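Shared between the two complexes below is chain A, which has chain B as its partner in the first and chain C in the second.
== the complex of A and B ==
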């Protein structure tokens, strides 16, 4: 896949002298990579937004730390945070004001759909559907089988790696009761699958665009019965789109032969 | 009687008058020197010229002549200065400023970027005994110029003698070493043609040693290289040329692997890259790495080098195809050669046979825009560009610009208005300009002839390859085999990616700038089994 997404205008100059392609030969390009990620540490900062939940909306900051084992495989630690942990309130609080952490709080919100159902139809979605991710710490394996490059109006070339990622980690979620009190559901396992690509603008700098599907079993308070409140569990998955930048450090520097050029 | 009295009177008075005139001239010389020391150069030049022309004392005239040249040199009127330095120099050791005149000539040669006319003048009057008294740095430069001149005349032994006499501290020391290395290469080629293997190898080894010595001046690291840059003329370019010529020397020795190693050190898009690609094509061909050879030529035939004059590259391409029995492809390459290069021959011949004087050729080199009526406007673009890329072109242009600026400057000096000095200097510049135009024209003409002969030579090669193709196709038919290569053999598999630091891309008729230089062909193995 030489070019993907945008190959608006590449250096597609056809030589006046080029001969018609012959069935008796093939032309290949064996290009020494301009950059190598092997043994490099990549630190990334991304902005994430959930895109598929009906009732919840997440905005998150994401910190990634990748170690590139070779050109194709990397291990990645991810911290996705919609609110700063251990900062805003206790585990269960009946006082919603305790959770009002200013702008940090705004990583969580319910959608208009939730308020429409709740206010207009006098209905309430299940608590499991209202659970929102607060923080996720995970480890992923990243595999980059596809590389590409593109050029936009001949402004130069950008290289890109397309990758898939899978892994898991722990997550904290919380939800708001109908009485507007917040419930922190505690820490439990979450799976992560995704894909993305990084566009290298320099050997040490890249732009990253990711999609991550975070899947978890939301454990929340169920219906109140005679014997007390039951626990309801529901598999929830939230798709995040992330955009950010990353910086690469270390790795093997190319051997420089002294050159007068 | 009255007559006798008059004569006696005249004889009595004359020595006094002469002494008065002499005193007057000596005063003028002193005034001129004072003006010179006060940096009032136009006035000094005017007075020195007057002394030079009118002073009865030879010593004064000689001094004035030299300082006139010095004044003009300091005013940046190099061509005018040259005329008087030359007069001093040509007068020989009897002139009290002979050595200084020679030094002046060297300084003018440097200022005018002239490596032809002045060196040839110095060589003509070279006096080793007298020159030994000269500043060793100036003498080294003279030795370099003379060495260069003799090298161009293919007098390699004599040239070597001058070049090896260059002082190690001289700014032209590295240039001298480089020229010696090039002479060894030339001798290597000569012995190779004479099939003297031992001497061929010895010459190339000597050349490689000298190239290494030049590169060693850099210390092979940036910090030390900066010191060398401050000490030697054009050293960076010499280092670059050393890489290319080391590759050539190894090629000459038949060590194609090392030749390729040095060729690949020449960075992409540098001014030597096209040469390196073409010669690398040959080196791969000699190693029978046909896919890589064709790959190198693929870059050379890409749009980046659309305007490159490279007729031989198409002959090489055809030869490679011929070697792998891809006759259709070989014929296509030859047809392309014919269409692109052979078609130029009638035009070039027309220009060369038109009996134009040398001056008429100069416009190709000296003018940025050619008038349609100018015969040089008919020169095919590829040929014109190939001539303009010669480093000597910039020297010619620099010389011309300098002469034009000097002519203007002479006009504008107020002190010289209406003087003989101005007329003489204007005349000198005009004569030199005419000479330059003739020389530049001669250079262009020689180059056009060279291009014509080059193409003509390869037309002959092309015909030979075509003949071979026809006879091989006949053999195929006789053996009952198909002429079509695709019916004769298998297409080689795509090349292996050496390691993960390489990216593989298929070539789909798109030239990506970053891919130039990385092409590899796989071809059908179409030669019948023997």
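== the complex of A and C ==
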């Protein structure tokens, strides 16, 4: 009888193992989610550069502050800065709108295409195409539906969170006139959306790679006409690639649930 | 004796359960690699192929690919495509429309004006990374990340300006599309090179979805018109590598 009981226990254990390996298991489809972000606060520092502008080139520092409401949703505050905020440099005499540039605009530059079209072809892009983002302060919602594991040549395992973000905020933009003086175009609303992933190196530390598209209405001086200078507005969209690190604080220990994947 | 038998039975059960656990040092680090490309062929159709981060041109088209994988990491591909929309961006037209300095200019002294009509190439596929993604804890998708590099041929076009007083769009000239014949060969077909990378999401053992970014470039050399002093038109040789970056989305079948 006891032998029969032990055999039954053994069979139960074996069958439990077999059932647990069923490919139809749908609760936590990846086993051992080692990195949880729920209720964590994440502070990130990233370097950003614009990649799709034809005539302008931005280099920026980015500070992010995320609160992860759960594993999938987070609220993020973003500060992207190409220049010291609210400081314009020295004012150009007799022109209240214009300032001279300098080291404070080291995150702003024009591409070779700008000099090519201006100097070689003697053509002029509109001022709206030359406007550059100085500072952006925004609030985003981050949705992170994908968690993944990767092996590189089967050497080691990396874990990553993929996310999409959408939000908006305020931006200051400036542009440079042909006489190399800078004009502040003011503070106005800007929309943002993007995607990215964080690769967890520890439960408190991750590498982040982001792509953010920032869309704004560049409102600049147009052609000088008989009745004075006109105002020109153009919807501009600038794509930034960002790379940096983030630190995670607080939160919960991850719950490890077995799955066949 | 009975207790010894019980101990043995429990040990046997424990060994069997333990043997079903996936984590062993000599096993793949991602347990249960469900999709291996080694020794397989793949056909891919990308009905969505568009250029991104363009300067003055734009492209929409499709492409077809045929790959063979020597093992899970390395393969070879044949790839061809056609851009049914290719031409200048609105931005260039805006600049030309407002220009005051184009008298006597027929070939613009700008780089990156060439747009691609068709291409075919051969290359290597290098696939170092295999992974599994968990979508909202509901379903798992296996994927390969891969890189491609190679060479091929393509045909390019560009626009020249011809005098046309009273043209409704540009005023004194019109744009005419020409087949490009400069570059390394001086022929209508140019040698090209490419590199890129993408993700292959395995949906079933046969079918998958591919998302890819690919930079196709060629050596551009042509005689352009320019006015260094603002009055007399002179010839200037423009030399540059013209890059067109394509974003592709498509389906693939492995067999």
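Quick note on the criterion: the second predicted complex is superposed on the first by the 201 of 261 C-alpha atoms of A that agree within 3 Å, B and C clash if a C-alpha of one lies under 4 Å from a C-alpha of the other, contacts with A are read in each partner's own complex, and residues count from 1 in each chain.
Keep this in mind: a contact is a pair of C-beta atoms (placed from the backbone, for glycine too) under 8 Å apart; a residue touches a chain by one contact, two chains touch by 3 or more.
Nothing here was measured: the structure is a model prediction, and the numbers come from that model.
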item: Chain A residues touched - chain C or chain B, whichever exceeds; value: C
item: Partner chain in contact with A:70 - chain B first, chain C second, else both or neither; value: first
item: Touching partner for A:38 - first (chain B), second (chain C), both, neither; value: first
item: Contacts of A:149 with chain B and chain C, given as first, second, both or neither; value: both
item: First (chain B), second (chain C), both or neither touched by A:113; value: second
item: Chain B versus chain C as contact partner of A:157, first or second or both or neither; value: both
item: Chain B versus chain C as contact partner of A:122, first or second or both or neither; value: second
item: Shared contact residues on chain A - chain B and chain C; value: 2, 10, 13-14, 16-18, 20-21, 26-31, 33, 72, 147, 149, 151, 157, 259-261
item: Residue ranges of chain A touching chain B (in the complex, touch as defined); value: 2, 10-34, 36, 38, 70-72, 147, 149, 151, 157, 257-261
item: For the chain C and chain A complex, residues of the former touching the latter; value: 2, 5-6, 9-10, 12-14, 16-17, 20, 22, 28-32, 52-53, 55-56, 73, 91, 94-96, 98-99, 101-102, 108-112, 128-140, 143, 145, 226-227, 230, 236
item: Chain A to chain C touching residues, read off their complex; value: 2-3, 6-7, 9-10, 13-14, 16-18, 20-21, 26-31, 33, 51-52, 54, 72, 113, 116-117, 120-126, 129, 145-157, 162, 239, 259-261
item: Chain A-facing residues of chain B, complex; value: 218, 220-222, 225, 236, 239-240, 243, 265-267, 270, 294-295, 298, 301-303, 306, 326, 328-329, 332-333, 336, 340, 485-486, 491, 494-495, 497-498, 500-515, 518-524, 526
